[in-house]
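Structures for review follow.
First chain A sits with chain B, and in the next complex the same chain sits with chain C.
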Partner chain A sequence: MYQKLMWGIALGLAWWGRVQAATLEVCAQCPWQSVRQAVEAAAPGDVVRVRPGGYKEHSIQINKKLVLQGTGFPVLEGNDLEEILIITADSVRVEGFELRRAGKSQLKDQAAIRVRKARYFVIQQNRIVDAYFGIYLEHSSHGLVEGNVLLGTATHEASAGNAIHGWYGRHLEISSNYIKGHRDGVYLEFVDSSLVVNNISEYNVRYGLHYMFSNDDQYVCNVFRSNGAGVAVMFSKRIQMRENRFERNWGTTAYGLLLKEIYDADIQDNHFLYNTVGIFLEGATRISYQRNEFQYNGWAVQMTGGCLDNHFTRNNFLANTLDLVVNSRVNNNTFNGNYWSEYTGYDLNRDGTGDVPHRPVKLFSYILAQSPESIVLLRSFFIDLLNFSEKVSPALTPQDVADYSPSMSKIS
Partner chain B sequence: MFKIFQYTLFDLLRSRWTLGYLGFYLALTSALAFLSGDTSKVVISLMNVVLILCPLVASMLGAMYYYNSREFIELLLAQPLRRTHIFWGQYFGVALSLSLSVLLGVGIPLAAYGIWASGEIWNFFVLLLDGVLLSFIFSGLAFWIALRHENRIKGFGLAILAWLFFAVIYDGLVLLLLMEFRDYPLEAASICLALCNPIDLSRILILLKLDISALMGYTGAVFRQFLGSHWGMALSLGALLLWLTTPALMVRRIAQRKDF
Partner chain C sequence: MRKWLFAAAMVWLLAACSPKPKPIQYGVDLCAFCHMSIVDRQHAAELVNTKGKAFKFDAIECMIQYANLHDSKDFALYLVNDYLAPGQLIDATASTYLISPNIPSPMGAFLSAFDRRENAEDIQAEQGGEVFDWEGIRERMRR
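So, the complex of A and B:
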């Protein structure tokens, strides 16, 4: 009995000690004037609270469980040479800081915040201005990167880093960040089972979001605007892409979505607006496209070599310059029940499905491939005549690329 | 000049031709706007019609009006009036009556449809501008051809041939040329070729807004500069103005020299 009571008291004390995690205040008049010293002095589980102000510090190593909390956006200002925060322990939380002047180097990948071999980290509500790499997650997993603003001033691919960079990791969640002006907005390489949600990624030099060798990931409800290309998914399997917006990705190699060597993806309920190419596919296999909307794109979908088993069902193709380009005559991709605003057929039995199949590939797309300058003839009467005669009796365009049950009305 | 212009304009505005032309545009635009519901689709359909029909009707009506008012012109020539004033007055009267048909015929149904509220307003503005410019250019061409040829069958034939050339044949030739010489850099050439045809020019003015996503996909630097900036718009408008003044000046030149 007595022993049990003593155990109880000991446990209670231990628990009390635990919740009595110390809070170390940092400000000009506080016991601690330096974030680094406070972090070094803190015991695992402590809170380091930084008051508003400017702190010229860099290479702050966080190697124990810690909450590093800024109130009123204190500014951590680096020395342009080294990284600012380096997290190497599990369960670290960093929130409410503004980070400036992190290291830039062509030799080393310098980041404003680096997470190395850590788990259960939370990085939220920070502002990172003009960093080379913003947040670099290296061999880290089960982390959350949320609500950060990352502003870069990248102009060339070669001299810029990625805003949020994942390199080997699992179960990461990247949500509600605003990213602008880096090389890639979010770059994930060897990152599995992760979620990218609710982010806005715009004006990046290369891609808004970039997957390499990453499997079983999903990205949902993001906006990718005016990037070199919206999203690039390469050499990855089982990626889910839902309810994203791809807007105004303009240029010669600008795509809303670039798929290269990927397998078993689902692309659903996305909007592609005003892109030069909505989706560009190269070696994309077993992919299903459902309920996406393609509007005002130059080319809605461009398929190049080795795309097998792509199934387009119930998508809207509205007022694109060209709906589809296929450059291979071997084709087992299917189109079913899509709405094509260019469809000119009729529906006699009134079942909502057109009675004549729609062939979305036009002769003009072949002419364009041969002679790109002929774009000046776009929509001219002569070209319309050519397209029409080709449609009546296909000679150059593949005969089996057709929607045999085109929808008569826009799919909502 | 204003008197003759006024007379021609009101004469034409009362004619069944102009009313029929106006009625056609009213019916077509209302049908398209109210039946399709997709504004960008309406622009494309209207663009095809305006680019083909405006020049055709302008060529035919221009030549026809000249030949029909031959006696009236001779009467006027006997009066102490400057020849430029007589022919320009008539030409502007014809061109303006045609332009009014396009403006009202396309404008009224779209205004009723509520185009001001939609995002396509600029496209429609360019469309109307194209319609007006093409009416002026092709009625001027037709006047010039009619002045050159006393034989009205020949004059009509040539006017229609001119239309056919600019509307269809020219594009075919350009395509042939581009395909034949595709191994060479042709960007500047293709832009120049497009500038030499008023129908192509009008089309490009609309495309610069409507299909800019696709146009930006082209690799060449000249093209990018032409399409990507206001340069393209300015250059095409400039070329169109040149096209606008040339037939008028040619009408003047031939009118001053012709022996009636």
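So, the complex of A and C:
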């Protein structure tokens, strides 16, 4: 009896809710022909449903709780001058639109969708084509940006903004987006406690993902491919980086992952493939690297200036041109139980751990750090001879940079 | 004849060394201070030393921090982008600077440069913030 009563109340509430939220239909033959007019006429909590078609509209202000829903990808076409959607209220949902011709300007940062000082927003399943900034989240928090496709046209020119740009915010989730051809794929500045997951970010001019002054964030299961550089994490604390792929960031200025002035990060289970430099770190402190795979990179890891307490445990270093460059005198960074494909030691007691320590810094990488031009001598007989003699009796390479328990087999 | 040739060669050599601004290749060049690639045409900066070598920066704050770490007599030219004329390098020592919480710059100093003081004050009236001259901004960044 009690259960039936509860069901009755629940159904009644659901029905009442349906009556409360009106749906405003927008199409050529509908009561509303303009998205902007429908949005202005809607009451808080209503649904504005836009049918397939092209709508030449811009500067649509959403300043109340609303669901703006496109069915069959209606196209909102801007005028190349203004932003298209500006969300300034809490609990707004925008889904299923294609946005084109949003404003571009060298002086103002304009976006296809801007969220300003709003919370609990959902931006889902939209296509944003050739925007300056795609989705700009300013002073906004507790929002979800999911399943969007953002296609920019930036190639080498810097005349593009970021695809998803967060500036001051907390608890954002950016998941399952496809991003291509912008300045930075995802840029987060002063954004805390947020999650970036399952995105593909490629062919961006600068970084696939970029953190500045952001703390307690994590990015997981993303692919960063063929960007100017893969990911940059700068001036940030407590960032978790797990199960990402950093691929094909080639060029004189390219890194898979750039760490600068960061503290207390975890870097686990990532793949670094075909990068000029896998990880470049400067002023990175208290960082743990576990179970990462570095394969076919120019340099797997480059450390410069003031990197303390970096601990590499059980990583695979496979067929990199150079595994490690360390360019600082003070060194308390440790390497334990890693697999180095370059390792030439033996394992007499068959415990799976090499009996002689592996020193990953070669004499040549030391010379390279002093004069980069000497790279032309790579693979020459002379360099092989130098490296060998240094290995037999180390004189210049840092003594304390060594893996005392190198793994004999690849870590899986 | 030989003397003239020698003189001509010397003039040519000296001319080759004279410090000149070098154009910044946006999206390609790296910041000499923070390693980020330079993309922002409104905030990039450049230092040219007395031998004519150019150091490029993605933000004015990077240039000032770099300059503060090095001996100032090594540098011949200080250049910054004019916020209102993107891509245009102007003399940093004669520019006016604005720190405004509403105008983000690449390295988080909220710092922009202007060709003319009036322009900086116009933007300041619009966006808020504090205006500095070259000496003032260098002093401010030292803190």
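Note that the second predicted complex is superposed on the first by the 387 of 412 C-alpha atoms of A that agree within 3 Å, B and C clash if a C-alpha of one lies under 4 Å from a C-alpha of the other, contacts with A are read in each partner's own complex, and residues count from 1 in each chain.
Keep in mind that, in the parts below, a contact is a pair of C-beta atoms (placed from the backbone, for glycine too) under 8 Å apart; a residue touches a chain by one contact, two chains touch by 3 or more.
Worth saying up front: this structure is predicted, and the values here are computed from it rather than measured.
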Figure out whether A:G228 sits in contact with chain B (first) or chain C (second), or with both, or with neither. second
Partner chain in contact with A:E282 - chain B first, chain C second, else both or neither: second
Broader residue contact with chain A after superposition on the shared chain, chain B or chain C: B
Please indicate which partner A:S371 is in contact with in the superposed arrangement: first for chain B, second for chain C, both, or neither. first
Which of the two partners, first being chain B and second being chain C, lies in contact with A:A319: first, second, both, or neither? first
Once chain A of both complexes is superposed, is A:S380 in touch with chain B (first), chain C (second), both, or neither? first
Contacts of A:Y346 with chain B and chain C, given as first, second, both or neither: neither
Based on the superposed arrangement, let me know which partner A:G298 touches: chain B (first), chain C (second), both, or neither? first
Tell me, which parts of chain B touch chain A in their complex? 38, 40-41, 44, 47-48, 51-52, 167-168, 171-172, 174-175, 178-179, 182, 186-187, 189-191, 193-194, 200, 203-204, 207, 211-220, 223
Would you mind writing out the residues of chain C in touch with chain A in their complex? 26-30, 34-42, 84, 86, 104, 107-108
Can you list the chain A residues touching chain C in their complex? 106-107, 156-159, 167, 183, 189, 205-206, 212-213, 228-229, 232, 234-235, 253, 258, 260, 280, 282
In their shared complex, chain B is touched by residues of chain A numbered 250-252, 254, 274-277, 296-299, 318-319, 321-322, 341, 367, 370-385
